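Here the chain labels run A, B, C, D, E and F in written order, and each chain numbers its own residues starting at 1.
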C-alpha cells in the first residue's frame, strides 16, 4: 500500500482531517495517488491493491459513510470496466474520483436550490450544530431575497453553533444564539428546523450531532416541521446488513477539563433521530420521506450495496 | 424603612444573596431587625412598616416565592394576634421568623426521609442542575445504605451540574457527568429523574432551571418516572390570580463572552414543566400529585393566599 | 305552585329564555315571587313548596347546572336557618337570590381580572362560539391596554362566532374569522385558546359548544395552551353521582333546511373536553387544575353537594 | 397478644384468608376478640396491646390497605375517646369494628348505585380479573333494566376471569370470554372499561391484578373510557410517605408447573396503572379524578394519615 | 398559441371549469386542438408551441397536479417519439391525450374495485367533502351487496357534503349528516374514514379540502383507520423539488356575506394531512403506504419527474 | 388434479400440516408430484392443471402467503419459459420448487446473520410466541459469543412460549418466562423486542400471533425498539388489492374447555401490528422500513404481483 494511503489513514485517525466531506476528499485523493503509482501488472493485482487501500481507509474511522461510498464508487468503476490495462485503470480511478467530487458539489448545489424554496419570508429557522449543507441552503435562500431569522444552538461540548452563528451574521441574517437546554423554551416560535446528517441508516434514521434527537422530539411536540438536509451518499449500507451505526465517544476533556478523579464523563458525539420525527430528507433527489431511503438508494446509487 | 431592609433588598437585587433559601433567610432576618427597632406606637403603624418592608423586599426579585411566603407568614401572624403592644409584636415577628426557618429545616428533613424510600438498590438516577433539596435526599438514601448511581447534566450556561457531581462523589456515589444535549441519549438507562423547583404554580406546573422541561419530555418518552423534590412553600400564590411566573433572562455573557456584535443571545434562566410530565411532588406532606397543589396549600398553608 | 314558576319553566323549555346566566336569573326570580306569595303556614310547608318549584324548574332543561345551583343555594339557606316565620323565610329566599346574582357578577368580574393577566401583547387568541365570560375577559385585557388579536370560529350551525367577532371589532381588537374546519390550519399561529363552559363535571371535564373538544385536540397537538373560562357554579353535582351530563340534540333544521327525506341529521349542541386537554380553569377562585374541581367545590360551595 | 390475633395473622400469611375484604374482616374480628379478652388495667396498656396486635396483623401481608385502614380506624377511635374504662374501651373497639363493616357495605352499595348510572343500553363493557365491587355494579345496572354486554379476560395465571364470566352469565348478561393477549384486538368495540383496585397510592395510581395497566394502555389508544371501581379505603397512606406499594410475586407453579430447571419464572400478581390512564375512580364519594385522591382522603378519612 | 388554449386557460382561471378531473380534461382537449391546428414545420417548432401552451395552462391555477401531469404526459410522448412529421406528431398528441383519459377512467374503476373490498357489512364510514373517487368506491361496495352506513360532514363553507349525502341516499345507503364541528363527537362510532385528494406531495402528505387534517387527527386519536382514495396522478412532482403545494385562499364571501368592515376573513380551501395520519392510499396500484409514494411514481409514471 | 394435491390440501385444512414453512414445503412438493405425473399434451393444458392445483391449495387455508408465493413462483416460471415440452416443463416445476426451498433456507440464514449483529452483550430481548426465524437469529448470536438474556411470553392459549423457552435454555441462554399480562410490567427492562410474522401487508403491517400488537404498543410506550424478523415472501400480494388479511378464529376449547353454555368465546389467532410500531423488518434483503415493503417486493420478487 502506498505511503499516501497509510498517511491519509493515519491523519484521519488522528482527527487531523475532519468533516465528512474533507475526509472523503482526502481518501479519494489517496486512492488516486495509489492508482497512479500502482505497480500491479494485472487488473486483478491492481484491484487487490485498491481493496487493501480501501480497508486501511475504512479502518481509520468507526463510520464515515461518505468516505466509504467514495471508495466504493471507485472500486465499482474499476471492477465493472472491460479495460484491463493498468495505466488506463488508473485513469478510471482518477475519473471516478473526480466524478465523485463533481457529483458531491452538484448535490450540494441542488440541495440548496431545492431546500431554499422551503424558506418563506418571516420564517424562524432553528438549526443545531454546524452543517455546511444547511448553511449553504440558508445562504441560497438569503441570496434569493428571502427575509428570515435563524436560531443557533450553542452545541456543547464543542460550540459548533458559534461557527453557524458567525456565518449567519456574515450573510446579514438576524441570528439568535441559545444554550442547548433552551431549545424547548423557544420551540413554539420556530417555523422550521433544519439539521445536517453524519449518516443515514437503512431504516431511515439519521445520525447527527448529539442533541439532534432532542431537537426533533421538541419539534414534534410543538408540531414544528423538522427536516434533514443531506447528500444521499451519507447513507451507510452497512446498517442494511445489521450493523449499528457506531456512536463515537470523544474525550472527557471536551466536557470538563480537570474534572474530579472518579467522575465518569460520557461524551457521545452523535445520537440517532428516528425516521418518524423527520418530515423529509432534503437531498439531491428532492424532498423524500426517510422511510423510503433504501429504495431511493437502490434506484440512484445501487453500487453502494455491492461492497 | 430600616437600613437593614433596604440593604438586604439591594443585595438581593445585585445577586449578592442567591438561592431561594438564602434569599428567604436574609429577608426574614431583615424583617426581624426592622421589627426589633420599630418606633411605631400602634399596631397599625407597626403593620404599615412591615408591609412597606415586604414591598421593598418583594421588589428585589421578579419572583422568589419562598422569600415572599416567609414575609407573608410574618405579617399574617402579626395581623391575626390580639396583641397590641409593639414590643410584643416585635417578639411575634421574631417567633414567626424563627418558626419559618425551623419549619423549612424540618421540611427538608422530611422530604429527604420520604424521598429516600423511593431509591432502590441499583437505581440510576438522573438530576439536572444543582438542588440542595435533591442532594439531601440522595445523601439520606446513601446513608441508609442504598447503592445507586447518579447521572448529572452539566447545566449550561452556569455548570451547576459540576457542584452536584462533586457532592455526589464526596458521598461516595458512582457519578456520571454528561452534556445537556446527551440527556435523551442516556434516558433509556435511567430509572428515576429527580429535580428541584424554583416555583410551583397554581396549575401544578413547576418552574425550574432551564432545560428541566426537556428532561421531563425525554423522561416521558421513555416511560421514566419524573419527580420534583420541593418544599410546598415554593408555591407562588400570585399564579393563582393570573400572574405568569416571570422567567428571568440573565446576562448574554454567561452564554458567550465576546460574542459577535449584532448577535442576539437569549438566556432564560428557567422553564416551565407542565404538571402532566410530573409523576409526583415529593414534599413535606408526602408524595402528591401536582394537580392538587392548590388544595394542598389551602389545607396546609392557607395564609399564603391572603396577601 | 305559583304561576310564575310554571310560566318560567315553560318559557325555559320553549327556549324563550336562553343562556346559562339568563336561565338562572329567571329561575331565581320565579322562586322569589313564589316565596313572597307563599301561603304556607309552617317552615315545613314553605320548604315543600320551594322543593316542588325546584323540581319543576329542574325539569325544564336537561342540564343547566348554573340554574340548578341557584335553586340549591336558595333552598339550602332556608333549610339551614333557625328562622321559622314564613314571611321572614321569604325574605331569606329573596336575600339568597340576590346574593346569588351579586356573587355571579362578582365572579365574572374577578374572572376577567385574573384572566386578563394571562393576555400578553402580540398574543393571538383563538376562541370558539360566543361566551360572555370570555369576551368580558378580553374586554378587560383590552381596556388595560394590552394589544392582541383574536381568531373567532364561525361555530356552525348557529354562527355564534359572528356575535363574538362583532363584539371584538367593537372593542377595536384585530379580529380574524374562520370556518370551524380551518381551526387546525391556523393553530400553529395561536398563542392561547380561551373557551367558556356550559357545565363542569366531577371528573374535571368541561361540556361546551360542539367542536370545543376538537379545538382542544388541535391545541394539544401544537402545544398551544388551552384554558376554560368559567364560574365555578357551572359545576354539575349530579355528575358526581354517576349521571352523564346530557348532550342536547337540537333541530336538524339548524344544520340543513329542506334536507332530503331519509337523511339522518345529527345535531348535538355540546361535546365533552376531557380534563387532560385543559391547562387550567380560570374561575373566581383563580386559575386551577380541572383535576381538583370537586375538592375546590367542597371548599367553596359545599352546599351544591347536598341536593 | 391473644391467640386469635396470632392465629389470624398466620392464616392471612398462609393465604388461608384471601381477598381484601375477607382479610380486613378477619383482622377486625381478631381485634374485637383481643379487646373483649384484654386484661389491661389502663387505657395505656390496652392501647399498647392493640398496637402490638396491629403490628402483627400488618406484618402478615406485604400490603393490604383495606385491612390496615380497618385497624387504623379502631385504634383511632380508642385513642380519641375520653373513656378510660377498659371494658368500655373494648366496647368502643367493637363498635368501631362493626361500623367499619357497615360503612364498607354501605360504600359497596353506593358505588354500585353511582356506577350503574354510567352503563347505557347496548354498551360493551370490558373487565379484567374478578372484582366483586365491579360485578356488584354490573348486577345493579342489570337489575335496573339496562341491556349490555360484558367482555371478560381470562386473567392468567389464575383464571379469575372465569369466575367473572360465570357471575355475568348467571345474571343473564351476554358475556364474551377472551385470552389476555386479545384485549387490544377487541378494544375498538368496547365502550367502557371497568376494573377493581387492590390499592390506591397517594399519587392517584391504582394497583390491581397484573395486566390491568395493559388494558388501560390499550383503552387509551382507542379513546375508550377506563374507570376504576373501588372503596376509598383501598387508599394506602404509606405511599404518601414514600413507600412503594409492594408488588407481590407469587409461585412460579401458577405460571408453569414442571417447568424446565434453570428457567426463571416471574409471576408478579399486580401492576401499577398510572392516574393519567384513569378517567375516574367510582367510589362511595361519587366519581372523582384520581389526581385528587389524597385531598379526598383528607376530607373524608383524615384518620388514615395518623398511623 | 391557439385560441383554444388561451380560452381554456381563462375559463380555468375564472373557475368556469372546476374539479381536478374536469380541468385536466379541458386542458388536454385544448392541447389536442392546438396540435391538430399547429402550423409548425418541424418537431422543434411543434414542441415549442406545446410547451408554450403548457405554460399558459399551468399558469391558470396555482396547483392542479392532475392537469399538469396530463400535459406532462403529452409532451413526454412527443419528445420521446422518433417521429418528425408534424401531422403525425399531432396524432401522437391526440393518442396520448386519449390514453390519459382512458387510463384515468381505468384507474377510477380499479380504485373502486380495490377499495370496495375494504368495506365490510355493518361498517360506519365517514367521509369529508365530496370526492367522486370516494363515492365511486362506495357505489361499487353497495352494488356488490355490502350493507353499510355513511356519515357525511357538511364541509363548510361550500357545503359539498350535501352533494355527497344526496348521492349516498340515491344509492340507498343509510346516511347521516353532521356539522364539521361534530366530527370528533361521532368518531368513536366510525369504522373507517375515506377521503379524496387534491394533491399528493413527495413526502407522502395529502392536500385535500380544508378540515381533512382535523378528521385525520380525530381518527388517529380514536384508532380509526384513515384512508385516502386517489389516482396516483394527483402526485405533484413540483413538491419533490421544494415547492410547497400552494393553498388557495378563496373569497371571504363564502364564509360570511356582508361581514363587518375591518373583519379579516381567512378562507383557505385546503389543508395538509401528514403521511403519518394516513393508513394507506387506495390507488390504481393497490393500497400503498404514503411514505413510498415517490418510489411508486418512479416505478409507474417516471415521466412526471421530467418536466 | 392428482391425489397428492387433493391429499395435501386436505391435510393442510385439517391442520395436520402446520407452520408457514411446513405448509409451503408440502404444497410445493404436491406441485412437483403433480407436474411429474402430468398427462397434459400441451403447455396450455399443463398450465391449466397447475392453476387448478394452485387454487385447491390456496383454498386450504384462509391466508398462507408463504405457501401461496411458492405456488406463484412455480407457475410464473412455467409461464415465462420458451419451453413447450411437457416433460421439460415438469423439470422446470421441479427446479422452481427446489429453488424456492433453497432460497428460503438461504433467506433464513441471511436473516440470522444480519439480525444477530443487532444483539449486543447484556441485552435483554423479549419475544412473543415461537418463531423459528427468531430463534435461529438468537442461536446465531449466541454462537457468535454474544451474552444476552431472553424473556419469553407464555402465549396463551397454546403456550408456544414454552417451546421458545426450552430452545433458549438448550442454547444455554438465561431465560425468563412470564404470563402475557405481565409484558408491560417488564418492558422497561427490555432492550429489544423480536417477533416473527405470519404475513406482511402492502401497507407494511405485520400479522402475527395474537398479542403481538400489544407487545408493540407497550414497547413503543417505553421507547423500546421493536423488530419483526421475517422472510420477504411472507408478503401477501392480495392485501395490495384490497383484501384484508383474514384473521383465523380458532376453537373455543383452546381458551376454555368445558366452558359454561351460552358463553361466547372468541379466539382470534392473530392480530395486526401497524407499520408505525415497527422499527424495522429484518429480512433477507437487510433491515428495512416496513413502509417501503411493496417497493422492496417489486424490486426483488416482482412476480408475486402477477397472480
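Assume a contact is a pair of C-beta atoms (placed from the backbone, for glycine too) under 8 Å apart; a residue touches a chain by one contact, two chains touch by 3 or more.
Source: prediction; values computed, not measured.
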item	value
Graph distance between chain C and chain F, where chains that touch are linked	2
Touching chain E and also chain F, the following chains	A, D
Superposing rotation of chain C relative to chain D, computed on C-alpha atoms, to nearest 5°	120
Shared interface numbering between chain C and chain B [over half = same, under half = different]	different
Chain centre separation in whole Å, for chain E relative to chain C (CA means)	44
Centroid spacing, where centroids are CA-atom means, of chain A and chain E in whole angstrom	38
Shared-contact residues (touching 2 or more other chains) in chain E	221, 276, 289, 291-292, 295
Chains that touch, pairwise	A-B, A-C, A-E, A-F, B-C, B-D, B-F, C-D, C-E, D-E, D-F, E-F
Residues of chain D defined as touching chain F within the complex	153-157, 162, 165-166, 169, 174-186, 209-211, 213-214, 217-218, 221, 255-256, 259-260, 262-268, 271
Interfacial residue positions of chain C with respect to chain D in the complex	202-204, 239-244, 274-276, 289-295, 298
For the chain C and chain B complex, residues of the former touching the latter	113-118, 276, 279-280, 282, 285-289, 291-292, 295-296, 299
Interfacial residue positions of chain C with respect to chain A in the complex	187-188, 221-224
